[in-house]
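Each of the next two complexes has chain A plus one more chain, namely chain B in the first and chain C in the second.
And now, the complex of A and B:
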């Protein structure tokens, strides 16, 4: 006989009329959400309330009004809650003087596990983010992408049922970005919650099962990603690439039919590309870079176009909850 | 489980508390009295050497001891005609002053003369005076070490436990771990306590040892056997540890509640300084009240001492040792308890990004 499925409250993240005010300033207002397992993306421009929502969910902030339950648990019981929840914040800061391994390992000891268990879990998590070789180096000497990955390792090291990630793809190069996305998918396929925030719609488009659009502290749209996907595909995204041979890269990337425009940056150290399919573009760029010995330093979507896309999606009705 | 978690917090915090780059000045504060006692030991060594090397012709212990105030210059020179050192000068008052020093190799006497008459005779063995130096030790301990060095050392270490992590933006790692926040407070407090007790008690012990080494062997034995030397050591170590415990709790709570460490330091320092003139009830809500009561040697205040300094030494209605220890432990427990309540409502809001 198979086990009975858990009650619905035990398998969803539920916000009930949640508001957060910083004095007079609105953080988020009247949030009512029920988030099922799978990959859910919280999308909105900077200052829309994504981080506030995640911080409320994990108890880093207390709601001014309303209640939040994560799979039936509350942050009032941190010993249970944080065994099931992992949160990778966007704070790019670390305890001083730690190596990558020490950072992950030391916080695992807070779970009450002994040295052997904590060590084994730390290495497993570091392996999953592909950072084994740098694990014994000080975090202070890591690149931005490596720091992002070690934070990710720290947040998954205890194998959480709910993984919350604030802008997790920031600063990652295309290859690592693909690996990281694979990791999220793996988590979600095991029936867990993966909640990702991003201000770049195109970024989460390819990985999300559902999306929550936020603007000015309100949820303005939520549901399956499919509805907004068509709009996104029609709307070109701008990507800034810093590399050592921008002219060569510019000459090659027009092999992709999705590339609309490419401009070499005025400082000669990069180029700005407009594409209708970011996912395919990243793959193609990787291939070109490998074949032509181009060293890509960073790849980052540029906000401007996304902002206009929001305006298009959200329209004039930014103020109300849906 | 709770013990495991406290140990994990200790492991995370201890290195930071001991070796914070911004906190190396704490070691300097702790070492200052030690440096002073070290310098004194070197000076005494030099004096002893000088006494040994300046033996006066025909000087014996009896002859040296026979020189008394009231003798004339001629009488002194009749007994010991060749002083090892002689200084004379005349001041504006017209009195001719002279110093005649004699040494037998282990003892030096200095006869001070005014208009050819001995007014004062001092002796110098080239070693410290037990009574005088234990009072000097007590004064340095109470007015510098306890009130400033330990105070500011604890302020840095304990305020850094939470406020420092808020500034470094790394406190959220703790808040996202499956550990109760009150347990976190206790773990961090213990880490701060271990660091400050090791640093400051270590320095207290070395200061006492340097003091002991500055005594002549006879004085050393006298201090340890009859002068309660070990009792003093035990008391000073206890006061140091209790100071870390008391100030630690105050600054731990302040680090959680108050943003500006300078305002906190100034307020607590002022409160502790005026303790002697506060009403009896308020006096007990301070750390220094209990610490002063536990200090083993009282510092006598001489006439002419500026009122602010005299106020620091004032210990009206001091508590008995048992009351002082229990009172300080209770005060610290209450303050740490307040901190554990406050931390439960603490939010992480490093940036303006919402």
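And now, the complex of A and C:
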């Protein structure tokens, strides 16, 4: 018989009206968030407050106002709190002169494990990031990707319940990147939290269960990507349709009051439709296609991804890494 | 939307005691320090004087046996071992401790700051206090091994060699040896750590430690000469520690102008407090950007 699920408060990361100021400089302001388990991506331009939010979550910063609870724990109980949180920083951060193994092992000792337990955990973590062969070499001699991986190893080595990763995919080659994403999924599949900040928006799209969009210290949007997209009413959802009679389809779809624009492709093999209600549009389009003998080859939303959310809600060129 | 099983279970096994975790930092630091041959030699040299003292105490206590070996030395009389002997011991080993600290101390915190390593320490169940204690331990434990520990061993040796009357008259020396050395160790260790936290270049940090002492002495002398006072000694750490040692080892000092022993204690405690404040300002997970 499986154990009863934990109460909601013990399974979410909750920000209650949290603000952080560095003197007079705003870090984040009035953040109210409830982050469920799974993979959550933090997206926003440089200086939007992503790293501040992560530092608050990891207890490295104390909020100027408000409270933060990570799975029912707070930084008032550091012995429990820090054991549950793993943090992979954005910058090269390791003590001078350490080998990869020493780096992971020595920080495990700070958790209070004995030599044998720490050694076993260190090797396990290093193995998970595929760095066993280089583990006895000095970190200073590692490539950027290897440093990224050893940092990841130290953040997962104590088997945390909440994994917070600042730009964890930077500098990784495609193969390692895929393996790392697999590792995140494995963590999330056990009901843990994986929080990632990333500039690579198409990867955010692929790996995230939910996103948090930030700008100028404020949370602009949060939730599942599709759900967030549906709520952006000033930008109708764009749907690409490839079919054999695009002109006919275009003439019929304006029966729906939600359709605001339809453009037939130059090649005459499809059209682009803008609608304020995608769900209703799909139903209507099916009906029209059936009644008029239109053969629909493809129907695909064009702008319900993170890149579009970023452009609509934040704007600018920061999200151009798609 | 992905559906996740909640199969995660945290570690529930045994842990080392919380209080002992700061000792992990010295363990790694020593391993790294003693890879440098120069420091290893310097550390070994620091034991020459205590060994010499031990030989002296032994010979001093066995002058009768020595006299029988040397013709015409039957009138040799042993020297008194007391406050003066242990004050000289403390001052000599204190100087060596200072030299050792000027090489070790500056490299303790600055590399962590330069390599952004502090967030790694503080996102674990490890506080800023434990971090400072750990770094302090690197120097303080090492310096203890060349100062008060051999000092107390010499005291015990003298106790075992001398008659019971000697212990009755000189038992207070044990406390003086311990306190006199501990205050000095704390002072130079915390100064070195504070400098290491604020000065990122190791060579400059090492020089700054020397400069604080020499500049303090020079400035103190200048203030005393210009203002015709003794209050300049407030900033002379060397003079203050000598004043405190003299008091602890019950030595008579000259009649010249000098600050009182209470003022010397206050001056030393102010220096310690300043070092702690400087460390507290700098040892943070993240630097505050203004």
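What we mean here is this: the second predicted complex is superposed on the first by the 225 of 322 C-alpha atoms of A that agree within 3 Å, B and C clash if a C-alpha of one lies under 4 Å from a C-alpha of the other, contacts with A are read in each partner's own complex, and residues count from 1 in each chain.
Convention: a contact is a pair of C-beta atoms (placed from the backbone, for glycine too) under 8 Å apart; a residue touches a chain by one contact, two chains touch by 3 or more.
Predicted, not measured: the structure shown is a model, and the values here were computed from it.
Engineer: Record, for the superposition on chain A, whether partners chain B and chain C clash or fit.
Structural biologist: Clash.
Engineer: Once chain A of both complexes is superposed, is A:256 in touch with chain B (first), chain C (second), both, or neither?
Structural biologist: neither
Engineer: Considering only touches as defined above, state whether A:60 meets chain B (first), chain C (second), both or neither.
Structural biologist: A:60 contacts both chain B and chain C.
Engineer: Could you tell me if A:157 is touching chain B, chain C, both of them or neither one (first, second, both, neither)?
Structural biologist: A:157 contacts neither chain B nor chain C.
Engineer: Just chain B (first), just chain C (second), both, or neither: which does A:190 touch?
Structural biologist: A:190 sits against chain C, while chain B stays out of touch.
Engineer: Output check: A:93 vs chain B and chain C. Expected answer is one of first, second, both, neither. What do you get?
Structural biologist: After superposition on chain A, A:93 lies in contact with both partners, chain B and chain C.
Engineer: Of the two partners chain B and chain C, which one touches more residues belonging to chain A?
Structural biologist: The partner that reaches more residues of chain A in the superposed model: C.
Engineer: Tell me which partner A:47 touches in the superposition: chain B (first), chain C (second), both or neither.
Structural biologist: first
Engineer: In the overlaid three-chain picture, which partner chain does A:37 touch, first (chain B) or second (chain C), both, or neither?
Structural biologist: Only chain C; A:37 stays clear of chain B.
Engineer: When the two structures are overlaid on chain A, which partner does A:198 contact: first (chain B), second (chain C), both, or neither?
Structural biologist: In the superposed model, A:198 contacts neither chain B nor chain C.
Engineer: Which parts of chain A are in contact with chain B and also with chain C?
Structural biologist: Touching chain B and chain C on chain A: residues 22, 25, 55, 58-61, 78-79, 81-83, 85, 87, 89, 91, 93-97, 106-107, 109-112, 154.
Engineer: Considering the complex alone, what residue numbers of chain C touch chain A?
Structural biologist: Residues 1-2, 4-8, 10-11, 13-18, 21, 24, 28, 32, 111-112, 114-127, 285-286, 288-290.
Engineer: Which residues of chain B touch chain A once you look at their complex with the stated criterion?
Structural biologist: That would be residues 1, 4-5, 7-9, 11-12, 15-16, 19-21, 165, 168-170, 172-181, 345, 347-351, 353-354 of chain B.
Engineer: What does chain A use to touch chain B in their complex?
Structural biologist: Residues 22, 25, 27-28, 46-47, 49, 51-52, 55, 58-62, 78-83, 85-87, 89-91, 93-97, 106-107, 109-112, 154-155, 217.
Engineer: Taking the complex as given, what residues does chain A use to touch chain C?
Structural biologist: Those in contact with chain C are residues 5-6, 11, 22-25, 37-39, 55, 58-61, 78-79, 81-85, 87, 89, 91-97, 102, 106-107, 109-114, 117, 154, 158-159, 161, 188-192, 209, 224.
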